[in-house]
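After this come two complexes, each holding chain A, first together with chain B and then together with chain C.
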Partner chain A sequence: MATSKVEGSSSLRHAFGGVLSVFILLLIGVVAFSIRLFSVIKYESVIHEFDPYFNYRVTQFLSKNGIYDFWNWFDDRTWYPLGRVIGGTVYPGLTLTAGTMWKLANSLNIPLSVETVCVFTAPIFSAFAAWATYLLTKEVKGTGAGITAAAILAMVPSYISRSVAGSYDNEAVAIFALIFTFYLYIKTLNTGSLFYATLNSLAYFYMVCSWGGYTFIINLIPMHVLLCIVTGRYSSRLYIAYAPLVVLGTLLAALVPVVGFNAVMTSEHFGSFLVFIIIHVVALVYYIKGILTPRLFKVATTLVLTVGIAVCAVVVAILVALVASSPTKGWSGRSLSLLDPTYASKYIPIIASVSEHQPPTWPSYFMDINVLAFLVPAGIVACFLPLSDASSFAVLYLVTSVYFSGVMVRLMLVLAPAACIMSGIALSEAFGVLTRSMKFHITKYFECSHTEAPAKLGESTSTESSAPLENMTKSDTTEKPEVARKEKVARRKQKKEKELTENAHVKPVSAKKEKRPLVLPLEASIVSVFLLIVLGGLYVLHCVWAAAEAYSAPSIVLTSHSHDGLHVFDDFREAYAWLRHNTEVDDKVASWWDYGYQTTAMANRTVIVDNNTWNNTHIATVGTAMSSPEKAAWEIFNSLDVKYVLVVFGGLVGYPSDDINKFLWMVRIGGGVFPHIKEADYLKDGQYRVDAQATHTMLNCLMYKLSYYRFVETDGKGFDRVRRYEIGKKHFKLTHFEEVFTTHHWMVRIYKLKPQKNRIRGKSRKSKLGSKSTSSKSGGMTHKNPWN
Partner chain B sequence: MATEPSIATSILLLVLFLTTSTISSASPSSDDLVAELESLRASSPSGVIHLNDASVSRFLSTASTPRPYSILIFFDASQLRSKPELHLRELRSEFGILSDSFSKHNPTSSRLFFAEIEFMESQASFAQFGVNSLPHVRLVEPNHRALKDSDPMDQGYFSRLAESMSEFVESRTGLEVGPIIRPPPLSRSQVVALVVIFLISMPFMVKKVIQGETLLHDQKVWMGLAIFVYYFSVSGTMHGIIRGSPLFVRDRNNPDRLVFFYEGSGMQLGAEGFAVGFLYIIVGLMIAFVTHGLVRVRNVVTQRMFMLVAMAVGFWAVKKVIYLDNWKTGYAIHTYWPKRWR
Partner chain C sequence: MAKGTNDAQLLVQSLRKAYAATPTSLKIIDLYVVYAVATALIQVAYMAMVGSFPFNSFLSGVLSCVGTAVLAVCLRIQVNKDNKEFKDLPPERAFADFVLCNLVLHLVIMNFLG
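Up next, the complex of A and B:
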């Protein structure tokens, strides 16, 4: 609160405040980074899950071969025999970022491995995101709110879930890019500076490079512009903030290979072009209004309106025709399912089946944004008192993202920054009022001899703007140390606007009570502050717990606690290492697509399908092979040059997401392309089971056999700990496959396709078969078997 | 696999039969039946013929096989339509769309007819078909002698509504249904009317907007809207809409008792979401009221009273949500301590 007591002391206070906030921001960065290290500390410095392994592999390639080779990379290690054009089908932002960081570190003689850089990219960018949140919220509601919002964002569980150390995925950098783009937009809007507008386009470019979620930006910003125009808030600053973004941003976006002409051809982007036209029409109207007298303007209005509407109608008609000419109306299924939430569940069962795409229930909000859910409404109200361009943007961001998060639980990630900004504003405003009241009462109490002092405090502020609260936010905007002439003009305009709204707001009250400062009773304030601190404490406790327990498991290394201590299941890496060291470089490994990325990255072997599910037929082929009897499966795999088949099996240790549990999807996807695979054949009375009552087809399919081969030897009964019953068919032999490796806990089993048999008839064939099966069995014994 | 030859033979038979019947007109009665069915189809809405016990026996059970037509029958029951989990109403309308699309693509085809049977008026037919659960769709092919032999549609074919039903029809009868034609949500004349109204009102709207005197310029409206959307989302209403979960359910053990809160994190009931959503926003609104409204109140006693109330309500709401969350998901906010520190 910059009351003009003494010039020197106030500037000293400002300097002190500045240093303090820099220090606080540093600490926030440290918190954001370190809270995400639980996964490294509790497990190890390892890359998590599935997609990050692909990103890691791409980064390795980039750091080894340079950017041009990366750009033109055709990957023949995946989707055999099709291959995949990596350079043109990935969002390169994350990879380029990590590659640059690695190069920078190495050029400074810091010998980091690529993996280390990849593991720590997400935490580093979380710190950046926290700082970006500070900047954005500062533009909206001042420094105090900014720092609070940054602190909250540093540890919001929803964001932690996607950015713990090791989760090297697009979202890790994209959330930072998102917030930073929004900050630059608001900054441009507040200053009207072309410099920031250009930066804004560049930030948008970075966002487009990083994540498909950039369409959120290119729709949200036009919406805000439109809202500003409709509510009569058009200004030249708005024009400068928007027009360069559309032109430069779209041009830049089209440079990214994976986006390319989509940036101008798909409906997701059309909204921005429409608004681009509208803002020009409006700008023209305002310009004409400026150069004409009011009477002439009225005449001109009618003229312009008719012409303008005609032009608009033509453009709209063209757009509609364009949109209608494309089969899905130009919208991708995912976007459509956001606009019409029931769309996915009706028409795209694959999208609807993914757990990330489920609509959340209320406990999800409590888990992912915790007490922020309570604070956000206060933030919304605060943004409306008074409403500025910036705060209206914050509200719009919140409202759209909260709606989308209601459709898909995955989009909670986009809501998190908005909720943090709102909560930061709410908390800071509440603390502002309460601590001011406390300060006011305490100073009054101590300096009761100088009765004027507090009154003066109240008076001086009330003469200026009548409310200390408003004054605070205002002083923040006026204190911005800035330069440009344009900005000053803009500021003046903004101030005028603000004063106008304030006056309108406060007038009836301020006339009566000019001398009373806006404060609350002392003891109630103290209790309220205490309660708010308790609320914040709950939040911190929850976040630390969520970071440590809920979101840090790498899923490549599993642990379980039992009464006799900690068990570590490192079977995946064991299996991939075996493949790497015991098979030929060009051998093909077939597995369900979930393990494709990991196999190529860790075992460096060619896979048939992977997590980039671009070719449904290919996936269906593998699904069909897995659901076929041994011989048919062997033929399919042999036709694909497959040497090894890898299955994940959890029955021994009780790992629930194994291939047997995913098997119905293989059947469904396989059956979708090859109709001789019928789901009903695998179900007994509509129930999926592999026990004694399972269907004949089920018990003879490849997946069953590969999963349960020799399983009965473990405990003599064949009790499956995931399904919790004894398996249906216990003793059987493999004719076309031989077991070559089974990991320590039997979680990954690798089989080799037997070579084609010679055409021998009669007795000799029989004896040969017998000898082969015994040899395969003994071969299996010699390999690691924990039970011998 | 076993069905393929049977389909082929049936088609063969059908073709043979059709040619013989047209050339020699051996069985005039079947031609009559076809003509009758066609006229019935023309008079029924969306071409779905309403069958009853009499017409079932006339067209199906007593007609000599092989019949020159297949009939796809939708089994309906008006007293079960109120049960949302059966989706009867929805499936029936999809069935109508399927029928419509078929007749659009094959306007003169008399090889496949669509029909429905209502349970209350034709219980005998239900028994003949051996249908005892709904939703149920059956295809009676030309050479099905007994009605029980007819081909039931698997539950899986209901999943993608008319699209998957048409796959069933195409795979069993060999007839081409063609792409499903859904009626547009607005008819052509409605669209034209809307566009005209929009065009006419546009100058007025633009004028109002420029003058700044619409509802849109009232910040309170925007604020209310924003808070409403927030409430809508955090209360999980979308979950209710997409999953079609009811507001409340009746207790299984005690039908008089209503259950408003569902235990288990994957699912929620409507009322439960609204209640918690209310708890979510009430705290924020209290904070907003205290920070922005109450400070302007002159009377210290009022301020004190309201703050007490706000704090009590806020405390209660937070506590309640934490308690409910704990009850529902089994998670309680607790500190994280590494094992070694304990």
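Up next, the complex of A and C:
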């Protein structure tokens, strides 16, 4: 009767805990959504940056024309005159997701525009990602760790930076797909159910549709399988988790046009095939071991080894010959630059020039994952007590993502879920031990005559005194007798708990218990719980600050605070709107590739190069034109049918990411293809300058002229606020271009190519205007043809 | 050398004896696996003779055979009564999962076959 009462109360507690967990998860979703809305509140509901504008344009096309036209779309408004096959070169997951949500909302008569759906896709999917983290960590360590990890992921700044409202980029849905695929893999590994293996393959398909980073999954999972085999943890569940995924996953990956046959032919996938073969060999070995006697098994192994090694050597030789015959050993340029960080700067300057591809600095780790950097080592230790397949996967995921985040700052995003999982585990274990100690001491204080009170400590506990609002309130139910030494080590890693170093003794409870709960003294526990809550509070403060101040800038609208209030710089949209309303529909606009997506999306004009950067020679052509003197540049642009040239100039207001600062990259990329452009010609004594000491080539190139034309009229001296000196050549006229528009703060300047001059034979004189024969010898003797 | 061949013969005999002891249902699944792998090998041989022009068709054909073989092996693992990890799993559930996974696999194959 007493036991049934105990069981009834514990099942009631379980039910109450379940409802509380659901409520907490709902709140976590709301937090994840709301913390990403700062840019909508501070600015407006607008798409940010550059790449999201392309995705937005594609989604608009999808919503207007339907999926078949989208799948077969050939875009002729970009990369003129080459065009771009959108259907075959874009990862369709994001656009299809947003398109589906828009269609669903409109079919329910909720009139959301495509732009609204695009802006808010990322916050919605970050809430889903937090729930997926809960599921994944629950499989690794238990419900308490799951809720903590979900709460941490909802706010981690590195994930916020790529998924604010308005950042409509692939990572917005890809991170959710990544975590969900890992969850289903671990679930299959834990249960051995083929149903979850099927779901795992489908989730992997969604990931392949969404992001090029899917190669991380298809290499991490084989690595983990290999780790399990090597450490003797092979089981039939491992086979069920891995083998169907490889076959179904490869097929599904080949279905996506952007991947196509790369799914079986590039080195990024060979690892999975190799481990597929290995796991079959291992499975066969285990099966034969099961049905033979040990002596015969030894005979079998010697026989197989002698034959097998010979066959293996032949196969490996063939494979090596195949792989070595390709110059990049079968890897794509981007993957190779991840494995060898110096590869891009030597061979592919375009990849090296993107600022997101630079290695991160140490402070950026603290900025992006903050307190988690301290909790992660504690989490790794907690994963080893005890080590299971799932926790070994979590450790492997963390280690590989730390390596990749060190290569490229953009991949800090892949580190964020791993760090959150580890920190969730660490915090949950810490809270479990501390609250258990507190409860033990408190019950012992109140019922010191009862000998069965300590027995309850081994079961599930719920904390009543220390329930932080954003952290979990229920600790894990399956407690194991943990070693006091390891607890001490785990807690030493947290820098706040200095008081614990002298209080590490164990209190045995009573003689007749076999399980000794290892507890800490009451005061130490209370102080530690309080300090952990303060740690969590500081983390939340930092995350909210980072979201509000650092990562919410839409970068298409700039603001600055000065003594006379807030200035808003809306020059980009002003320029694109001018282009949209004042030029013909078929006019071509040339600019540096950064602005290509925005120009096609907002100004709706054909561009020469854009952010997809798939054709290096075309970009080098534009770069050469920008670095050449006016006449040569006019020739190049005229051959491309360009009508308007757009440059971004920040010298009047101090906007540092303008084209003059990017100019050396244009020279390098142009010089990589056209050898007459040499970087040394533009540098004076190895220094890049545009003042009076600059070289003649620099002062006469098109970029200088288009940026600084009439700049001296603004303040009489031509003081450049970004470079912080006066410019070199102040008074000059343009011969082959005419200025048609400059925005309010001079940030975007648009020029038109002058039609071909009526020339006289011989040297052309500047003041001659339209008085003679129209025999235009475009490749005349006096003109230097840049194409020879 | 003679001892080697003697040992090999002994090995093969004991393997055959141990395998004969497995239940008939599992032997049927094993036969299905052998059939699927043989079909895959025939397709590869055909590709080696004729060339791989519609590569997607070749890929989907071979991967469908390999896929059903893998799924049949998973079914065998789950249905095998000697396997202690799956003693709570009713064989009907295992078969239902097998059918579901095969449905997804063949849906993808039909799409990719061209």
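Criterion: the second predicted complex is superposed on the first by the 640 of 788 C-alpha atoms of A that agree within 3 Å, B and C clash if a C-alpha of one lies under 4 Å from a C-alpha of the other, contacts with A are read in each partner's own complex, and residues count from 1 in each chain.
We take it that contacts are C-beta pairs under 8 Å (C-beta built on N, C-alpha and C of every residue); 3 or more make two chains touch, one makes a residue touch a chain.
Keep in mind the model is a prediction, meaning the values are calculated, not measured.
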- Message: So in the superposed three-chain picture, is A:660 touching just chain B, just chain C, both, or none of them (first/second/both/neither)?
- Response: neither
- Between chain B (first) and chain C (second), which does A:252 come into contact with in this model arrangement: first, second, both, or neither? second
- Partner chain(s) touched by A:367 [first = chain B, second = chain C, both, neither]: first
- Query: Of chain B and chain C, which one touches more residues of chain A?
  - Reply: B
- Task: Check whether A:124 is in contact with chain B, with chain C, with both or with neither, and answer first, second, both or neither.
- Result: neither
- Query: Touching A:359 in the superposition: chain B (first), chain C (second), both, neither?
  - Reply: first
- Query: Given the touch rule stated above, what does A:239 touch, chain B (first), chain C (second), both, or neither?
  - Reply: second
- Figure out whether A:198 sits in contact with chain B (first) or chain C (second), or with both, or with neither. second
- In the complex, chain A residues that touch chain C: 192-195, 197-198, 201-202, 235-237, 239-240, 243-244, 247-248, 250-252, 254-255, 261, 264, 283, 288, 290-293, 296, 299-300, 303
- In the complex formed with chain A, which residues of chain C make contact? 4, 7-8, 10-11, 14-15, 18-19, 55-56, 59-60, 63, 66-67, 70-71, 73-75, 77-78, 82-83, 85-86, 89, 94, 97-98, 100-101, 104-105, 108-109, 111-112
- Quick one: which bits of chain A touch chain B in the complex? Just the residue numbers, please. 230-232, 285, 301, 305-306, 309, 313, 341-342, 345-347, 349, 358-367, 371, 373-382, 384-385, 387, 395, 398-399, 402-403, 405-407, 426, 429-430, 432-434, 437, 469, 509, 513, 516, 518-521, 524-525, 527-528, 531, 535, 538, 541-542, 544-545, 548-549, 675-676, 679-680, 686
- Touch list for chain B against partner chain A, complex: 1, 154-156, 159-161, 171, 199, 202-203, 206-207, 209-210, 212, 216-217, 219, 222-223, 225-227, 229-230, 232-239, 241-243, 265-268, 272-273, 276-277, 280-281, 283-285, 287-288, 290-292, 294-296, 298, 300, 303-304, 307-308, 311, 314-315, 317-318, 321-322, 325, 328-329, 331, 333-336
